[in-house]
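Paired with subunit B in one complex and with subunit C in the other, subunit A is shared by the two complexes that follow.
Let's turn to the complex of A and B:
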């Protein structure tokens, strides 16, 4: 408890100091309904149920709610899904699949495995794709033996927050990284053999002889030896093992981790985008980033503990309602951000609002969800989503199309002929204001409750986390 | 030890196994330093390098002794077949009989076309020579036709296995169950792709099978329909091509007490047959391996049991997107025709190597000759070791012919290529090499010092700069 209080005492004093320095007034504290919807979406990927809203508004214990959500099975499911999107994307490629990786990640979050251990397991994964999850990460970005460039770029982006892709063809124009740095990092995978077993089957193995052999990249003029960005050089032929150590032991890893965890809760990283650390893109609040980095190290990369530290902060619990649109206030987290729901959050929240999961059962609900996701994600299926989770389609366009689909799968909720208050609680996780109630009553003289429901489902308030 | 605990140890990652072992190393001095090193993060790459070297050696040794090992595995010191190898020997003899029968058919097929292949351009004559030559036929069979004719079940199994490995894992009893990771995906996939389709296909398959018995066996289109309608694969194909299936019976008219397809429906029937016959061929190719897999899947009340049932339907096999070799068939004649038509084209009433192949044919022929030499070399090695098989052993005839020798070499090569050793198995080797009853062997002290040195070096490297500065 004392440690938690110490942690609490840090995020907010640092931000207070910055706000004071910049002459920025922080937004007010969020309402209980606003907080509940936000934190439930952020920790479990779905809006709260009608009953959960009622219970919380009755007894709004925020700390208890946070602990409850972190302990719920949906936390691991959502985190597994979110990290799978970031690490893998959606589209199956090169004899690998997202699902085994996502399931493995879910298990990691379920047991709250330290993040550095998770990353080390990802970087050193080996074996056939028919088995383990992490192999699908390596296999996805390592399309053929001796071509580790994509994997090196992905590793530096995902785990170090550094975009090295520029240095693939020439020295980085704005940052300190040279082309040689890039290929020296890639050389850590030179001993990795992607064995093609047969159609759809591969095995990732490390070969000592291959690891010791000279490696000349196809698109670089000279042979290179493995050397990490810090200058650390491997001492054994277990190159990936050593790379995993060098990555996870570097302070930049902790920094990138802290920033990655901060990002979804505020809609922007302290360094933003989160995979673009560098001199040209400094943190908006350097002291906060360094403190969070220290905290990540002190907590031994305990994911839940760091998340708890973030969401129990006053900053996280500020309202997103603001009087001016000054972007500087957002950069220093003086108000909460309004963030588009991810495709998964949208699909799950719609299913929950309609109580469809209970109505049609797991497989059918899963099938409806998959259909929506396919539709929502569509053009982004094969994109690298290292740094963004949110979709960029026109929200209104998507919502309109989705509600057309929804007419075919009405859940039991609408069949119960709910009241206006119930519809608001189910869709927007709040009670209607007096004005809204009056407007609905007026509308219902000629319209139906289903139309009210569809209208709320189409609203920006539903489509965003705020 | 409970089963769960045993499973947990079997599945734990190698780093935990290293830690577990390190904690059991007793003593001070070098032993204590090794213990401390193995428990440290920097010690892990150091030991894994040594493990990697040991598994590499084991792999090389396995390759060196693969041929004698094969014969030792199946025959005792007197060259008598071991009891446990009976099934293997029977399989080899079955395979040889199939080969003999296919080769007979191949000779007839070649005889029928060889005279129609002109000797110009020169490569035509060369290909013709291979086709007519006994050894040429054998090599062609071994390298291409065997697979196309579905005779290589191991190959088909290798195509199916990755899909099964992704979906299933073995439980404690060795039965296959759906992987936890795949449950959601499979549930969705069953819902989306099969839903009520199973009932619809099965219902139609029953009515088609009843209809098939009434169709005239005229040796032509009607016979093909009769044969196709007897398979549920055709029902699935029809459902996919045509939503309204109620009128299938109406497409036939009665003639001489039997049904024949109506003239106006011939075109549709041909379309259905084109698709159905191809899918029936596919089902035939995968039947053996698929049924073996299905038999291994646990028959439970849940998702695994449902999937088992689904995978027992032949029409489902054709929808698994298995990448089978183009032109593959269980009929040798069809497979030979498919191969022949990829190489030859009709010209001036005869057959000539396709013009499109003209610039590649020389390379192709060179490759073929190289393969022939390799097969011959491999066969010679087998022939030497096969001499130890006792006179009177029925399977001796397999090892005594070129085909059998070539196939044995192939079987052994596949085994060598499939050699794999997990890090955990490598760790066991490492422990056995360097430790005796938990204590470091005196002969391993230098190796342990090297291990510690490496780990110390790694620790120094870990102290290098914060790259984010």
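Let's turn to the complex of A and C:
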């Protein structure tokens, strides 16, 4: 417990020092309502209910709330979704699917499996795609036997935060990576075989003979042997097993992990984007990154513990309120950010506000949630989601949300003739200001509460986390 | 850095040289523009809009625009004469045949991508898919290069979601009309609820004032564009009840026919790029019956579209393209189907300053090989962009400072001019 308290103290002193050095003023502490909405969205992917907001405003115990959210089943569901998005994307390909991978990731987060173990399982997965689980990651980026380039690029970005893509065609123009480095990493997959069983069914297996055989990449002038970026070379033909060990044992892996966990809670990584570590893109607060990396190693890649460390920090709990833009303050986390919601966060928050609670987090095909998600996700089908989650609302999204049908809300919530305050609590998770109350009262002389409800549901405030 | 020039696919990375050049700022940019102006003064570039008829799944070239009657690979498909002398196409496309003076066939298109998603990416962006590098779609490029503020959506995708704008900005992304009728109803409803935009502004004032952030401004713009859409020609353009029965019958009553008619109306309303999708071409089984059915939808819609564009004086400024992600194997498989074949396939183009009645390239007797004048996907895209008057080698600054060219390594096909 003492060790834990010491650990908690670290993020903030480091940032305090940086803020002083740079002469930036940190923002004030967030209000309780602001904190509650943010942390509930960040840890469970959905806005709090009206009752949760009331209860928390009555007794705002932040640490207890954080523990409660981390222990809720929605934590693992949401983490599974965000990691599936980053590792797989939304578009199925090459006889693989997102859902089995997402489900497996959810289970990993449920039992709080150490992150290094999860990544090792992803890198070494084999077997038929029908068996589900981590094999859908390898299969997704390994379109055919002997073509491991995409996989090497994805692995280095996802788990090491390094963009080797450039080195695919020529030595990296800025960073130290050579083309040979890229193909030597790719060579770890040369023994991996993608077997077609029947249409739609494949199996990922490892072939010892192929693993021992010479490999010449299609777009590179000479044959290469597997060699990890650190210089480590495999001693056996179990190439993927060895790669997994090399990756997970490297400090850059821990650094990329710490940065990856930091990113969603602030809307920017300490190195940003999180897959682009390198001399040309230094961390905005190097000391913080190294401390967080040490902490990740000390905690043995305990995902929940590191998240707890992050969200209990003062920095996380600063307000996002600011009246002028100053990118430097944002870079050193001197205020909280306005950030895009994932499609899942949008869907579940709208469903909750629309009194369709039973659909929240539901995964059933053809369900209201699944259909809504499918609609929201179409803007990002062709996007690379490995590192950065961009705001991608479109005109059609606004059209759809502005004309959404309030059947359930009308029958349940609005039938109770709720006050303006209740509507604000249910949709924006806070009480209205005096000015907003007055504006609503004025509008309600002619207009209906239903219009107020829909308008708040379409507000910027609802559309983002902040 | 020397291998930067010598190897292919170097578009993803910013070389030190490019970086320095960019550092010179305005002067460099001016010099580049000036040079580009000299090098790429395009005569006859008059395309303002483009309609792509997208044959999802990969259409059989042998049973549409490169028939091989008399050869075992040709199957039962017969060829007919067309309005263009010496140009023969499949007998299941008689009405398209009558329009062939306005359309040209590229029979020597080829790529290395035989997998649907990768090939669709290639034929929508002009670039091979590379993990971690995003390229804007053709529609987004056309939208972006049209310049100025976007009011009416410039890139509309009918029947499928369309391909994204990558780094060009969300306003250049596809406006997906999965069903024009549904969209029309939604717009009508929104029209009756315009007050919501005003109330949103009023109630959002405090939050916006206290959160100075680019994302809020971005979403402000989106709200404004949505509200403004109601006052553009867009809602009327997607309303097919305005068309007489005779016209609707001529295009065909199915989704694809309606889509092509909407496409024409959208171009008339000022939309720059419309893609209309016809799915079902992945004919691994029962190829000939399936293609016959598909041609039943394609023939009236394609021909009516070209006919109407010509009649309305729009064909000169509106390019029409027919293509899919790849072709089908000339050899017929055990299920009377054809499999994926990117090695030699066909596309059809016309309008927008492109010549009609010509055939570019040729496949050999069995359709297995290109016999002459191969055209790469990059060549095809360079041709399109050139006819729009764009510098097809223009460099964009992509994500993380990477340089992405409009097309990489393509040369406009002059034989189509």
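Operating definition for what follows: the second predicted complex is superposed on the first by the 429 of 466 C-alpha atoms of A that agree within 3 Å, B and C clash if a C-alpha of one lies under 4 Å from a C-alpha of the other, contacts with A are read in each partner's own complex, and residues count from 1 in each chain.
One rule holds for everything that comes next: a contact is a pair of C-beta atoms (placed from the backbone, for glycine too) under 8 Å apart; a residue touches a chain by one contact, two chains touch by 3 or more.
Keep in mind that what you see is a predicted model, and the values were worked out from it rather than measured.
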item	value
Subunit C versus subunit B on the shared subunit A, clash or fit after superposition	clash
Touching partner for A:206 - first (subunit B), second (subunit C), both, neither	first
Which of subunit B and subunit C A:353 touches, first, second, both or neither	neither
Subunit A residues touched by each partner, larger count belonging to subunit B or subunit C	C
Touching partner for A:252 - first (subunit B), second (subunit C), both, neither	first
Contacts of A:230 with subunit B and subunit C, given as first, second, both or neither	first
Partner chain(s) touched by A:172 [first = subunit B, second = subunit C, both, neither]	second
Which of subunit B and subunit C A:427 touches, first, second, both or neither	neither
Touching partner for A:454 - first (subunit B), second (subunit C), both, neither	second
Overlapping segment of subunit B (options 225-233, 351-359 or 423-431) - the one that collides with subunit C in the superposed model	351-359
Residues of subunit A that touch subunit B when the two form their complex	95, 97, 99-100, 102-104, 121, 126-131, 133, 160-162, 197-201, 203, 205-209, 211, 228-238, 241-242, 245-246, 249-252, 255-256, 277, 362-364, 366-367, 370-371
Residues on subunit B engaged by subunit A in the complex (per definition of touch)	13, 41-42, 44-46, 48-49, 52-53, 56, 158-159, 161-166, 169, 179-182, 184-185, 187-188, 190-192, 322-323, 420, 422-423, 454, 457-458, 461-462, 464-468
Of subunit A, residues touching subunit C in the complex	91, 93-94, 141, 143, 149-150, 153-154, 157, 163, 165-166, 168-174, 179, 219, 273, 275-276, 281, 320-325, 337-340, 378-384, 386, 391-396, 398-400, 402-403, 433, 435-436, 439-440, 443, 447, 451-452, 454-456, 458-461, 463-464, 466
Touch list for subunit C against partner subunit A, complex	1, 3-4, 7-10, 12-16, 19, 115, 117-118, 121, 130-134, 137, 153, 161, 163-164, 170, 173, 175-176, 183, 186-187, 189-190, 193, 195-197, 199-200, 202-204, 206-216, 218-220, 222-223, 225-226, 229, 399-400, 402
